[in-house]
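Contents: one structure, followed by commentary.
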Amino acid sequence: MNIPDYTIAMVVAIPLLGAFLTPLVSKINDKIRNIFVILVLALNAGLVFLLASEILTKGIKTYIFGAKDLTFPIVRILFEVDAMSIFMAIISSILVLIAVIYSWAFMKENTGLDKYYTLILLLTAGMLGMVLTGDMFNFFVFLEISSIASCALIAFWTDVGESVEAGFKYIVISSMGALFVLFAVALLYGQYNALNIALLSNLIQYTFLDKIALVLLIIALAMKAGIVPMHMWLPDSYGSAPSSVTVILVSATLASLYGVLRVIFTLYGNALSTLIRFDISVNVLIGWFIVALAVISIIIGVTMALIQSDFNRLIAYGAVAEIGYMFLGIGAGIVALGTAYGKIALNGGIFHIMNDALDVALLFLVAGSIYYATRETSLDKLCGLARNMKYTTVFFIIGLLAIAGMPPLNGFASKILIYESTFQINPILAIVAILCSILLLAVFVKVFFSAFMGPKISKYSDVKEVPKSMLISMGIIASIIVFIGLFPDIIISNIVEPASNALIGYSEYVSQVVGGL
Amino acid sequence: MIYNIPYIAVAALILLGLYALIFKRNLIKMVIGITLIESGVNLFLITLGYRKDSIAPIYTSSPGGTMAFPVPQALTLTSIVIGVAVLALMLSLVVHIYRHYATLDVSKIRRLKE
Amino acid sequence: MSEMSKIVRTISNIAFPFSMIYGLYVIAHGHLTPGGGFQGGAIVASACAMILVAFGSKWTITKIKEKRLSVFESLGAIGFIVLALLGLIFGVAFFSNFLAGSKYLFGTIPPMGSGLANIDTGGVLPLMNFAVGLKVIAGLFVIVLVMAYATTSFKEAKK
Amino acid sequence: MLNRNIAAVIVFTVVAVFFVFSALLMHPFGIPEESDMDDYIIDNTQEETGANNGVTSVVFDYRGFDTLGEATVLFTAVAGVIMIFRRLKNE
């Protein structure tokens, strides 16, 4: 069943058109605006799944903006979608759809909601554009759109001092990162007079300037992905943003992580195997750099999560630890690029991107529903909520077991791949990873007993369950998590495997553009 | 032949901006620092597209001769408007931070972690 | 902020039409002379900001509500993306220049090489220039207006 | 506060080295190494897009999608500023 060629462009154009129409639609009334936004996102998710079925069966598709075929000096902008980018697009579109359904009831009494939904649609367009584009400068433009939109969304509750300060910190760090990305793109353009990722990957001879551009790109994109030395913005912005916004922020952060992967595997693909002094090849160097950062971020994430008393900040530090697991899997995959267990590590890393996005999203939705019910996020004051909020407690247990990597659920399926492969590289890595995963379980069990169990105190005796739409969205994520946990090999064989093949087999990505001329 | 003086000016601008961003305490000075880095990167983009004694790539009553590159100029246009957008957002956040904490000093604002 | 003296207000009244026309000229001739939607829009927005500074934000906000300005801005943005979609329907692909070389509105091809060209060249470019120009005028003016009006209301709240 | 300053100085010098080296190693000003993409645009911008102004033909036709992203950036910034300065219920 082949779909028209322009669906790739429509995947980004529809959220943009929806965002431009929302201010006009919201002039009618609020309910029609909410329905309009959910319809736009549902249509967009449908298109992404249609495109995914097309890509996973027929391989890479490209789409040129403004012309039918490719002239030799690639002048126009090119969208190039392979299994890895469609994998990230699936995660982003699911999470945004669920976040908007959740925020229907969660955001009812706030003002300025038409701007809120406009910014959510713009953030979706920014993320999908970042993930699907095949042009370096276009990647920078969409990176900037998603960072400005998410900064404004973080500072949504302007009467709370922390969220405005978190928004400012976020925009300073992400505009710094975006400027480094622009400088690196300018460096590459200055040398090779080309902006297309596939063409650049073909032209790069790994001169000293290319090394500077590589370092700048990795530092800037890892900074926006929340790696340890530059992770200070993550707990502040996840902690003080509305929970439905934080769910979308998780997928925005993963889009920057995708940027790191695209730069290392595709842009510098054939430079990875060049030998530098005393015959270490480049990928071993980069791999160990990422693995080291990953281990530090796991340790810092878990230890900081132990001492937090605010629910949102605790989950945010858990998310930092989970991003550390992703980078651990990917870094191990880069170190052992050619070998079998390197492939398993990469599979584990990429699979963990999907699993962790869903787990952290579910936990933030639970935190949001607790905030909705009790207007309180600090754990010391919460007590005995299990009696009245039955469903939320069940969802919290599912989220808790999943993020800690307990067997029946999806966290385990990807973490076992990471443990198994990192053990072959260096046993210490696997031991540290397992210990921190158990610590993470301890952190969330402490939260469970302090917030949900405990005596019934008068203040929360009349707490009632959250409205239906919030429960539905939490239920969707929980069912996806349980489904992936019970049948992981379905997901691995036909989504994760093609994605890691697409990353490693970068020459097919390049020949799709350069080969055709 | 002015060897690489424009690129040295670019490096100087960017380092000035970085100095203002990292070492200055006042919020407004940090925002100015980011704008400085922005203009440094824009200058770098523009100087990449210049050819020896070339004219602007516009054909209307042009004196003729080699033309400068049009693509970096288009990229710089986009980057300037992005700079304006980021600047507008940052300044509105600074106004709100001043309204909450009545100070622009970063060290005082970092709220005491209870 | 409060309004300025009488002299400043009359001078800005006189200067406003000229700078407005110059900005619109830069937008309209974007595909011939240096300029285009963004630059011309910025010129007109600075003319409007001059009026805002001269007459104070309270007077300006009574004259034009920010709601109507953000409607103009969405119209400009929708115009731009609809032109791109038309490229998909009539032309070859998303964002293709379906009017260049056709016998319709802006279709004629200018004489090759350096020389003068009349205004109806450039295909879809002038239309896109108008859409982006409208968007930039409304967008930049809304930013300046909202910031000016909000800071004055903060001062009242503080008093 | 001392170790914070030392860390800041280290970060500053490391990043400074990057920018100074890239300034020195870049191709000499005015003599670009390759220019096939821009020559293509300069040569046939007039018959492909019908515009005399090469930069506008790149901005709106060859790389028009960047300008759509560009307009979105401005639209996002305006929506963000209006949202930040909106009147909350309790004001």
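Per-chain residue numbering starts at 1, and chain names A, B, C and D are given in the order in which the chains are listed.
The rule is short, and it goes like this: a residue touches a chain if its C-beta (ideal position, glycine included) is under 8 Å from a C-beta of that chain, and two chains touch if they have at least 3 such contacts.
For clarity, every value in this text was computed on a predicted model and none was experimentally measured.
Both subunit B and subunit D are touched by A, C. Shared contact partners of subunit A and subunit C, listed by label, are B, D. Note on interfaces B-C and C-D: more C-beta pairs are in contact across C-D.
Each chain gets a centre from the mean of its Cα atoms; for subunit A and subunit D, those two points are 24 Å apart. Annotation: 21 Å between the Cα-based centres of subunit C and subunit D.
The mean-CA centres of subunit A and subunit B are about 28 angstrom from one another, to the nearest whole unit. Residue numbers of subunit C whose C-beta contacts span two or more other chains: 32-34, 36, 38, 70, 74, 77, 81, 84, 94-95, 97, 110, 117, 143, 147, 150. Residue positions of subunit B touching 2 or more other chains: 14, 48, 56, 58-60, 71, 75, 77-78, 81-82, 84-86, 88-89, 92-93, 96. Residues of subunit A in contact with at least two other chains: 16, 20, 65-66, 137, 141, 144, 148, 151-152, 155, 158, 164, 183, 190, 195. Remark: subunit C residues 32-34, 36, 38, 110, 113-117, 140, 143, 147, 150-151, 154 touch subunit B in the complex. If you check the complex, the residues on subunit B that touch subunit A are 14, 21, 27, 30, 34, 37-38, 41, 44-45, 48, 71-72, 75, 78-79, 82, 85-86, 89-90, 93-94, 96-97, 100-101, 109, 111, 114.
By the touch rule above, subunit A contacts subunit C in their complex via residues 6, 9, 13, 16-17, 20-21, 23-24, 27, 63-68.
Here subunit C touches subunit A in the complex through residues 70-71, 74, 77-78, 81, 84-85, 87-88, 92-97, going by the rule given at the top.
Residue ranges of subunit D in contact with subunit C, taken from their complex: 46-53, 55-57, 59-61, 64-65, 67-68, 70-72, 74-75, 77-78, 81-82, 85, 91.
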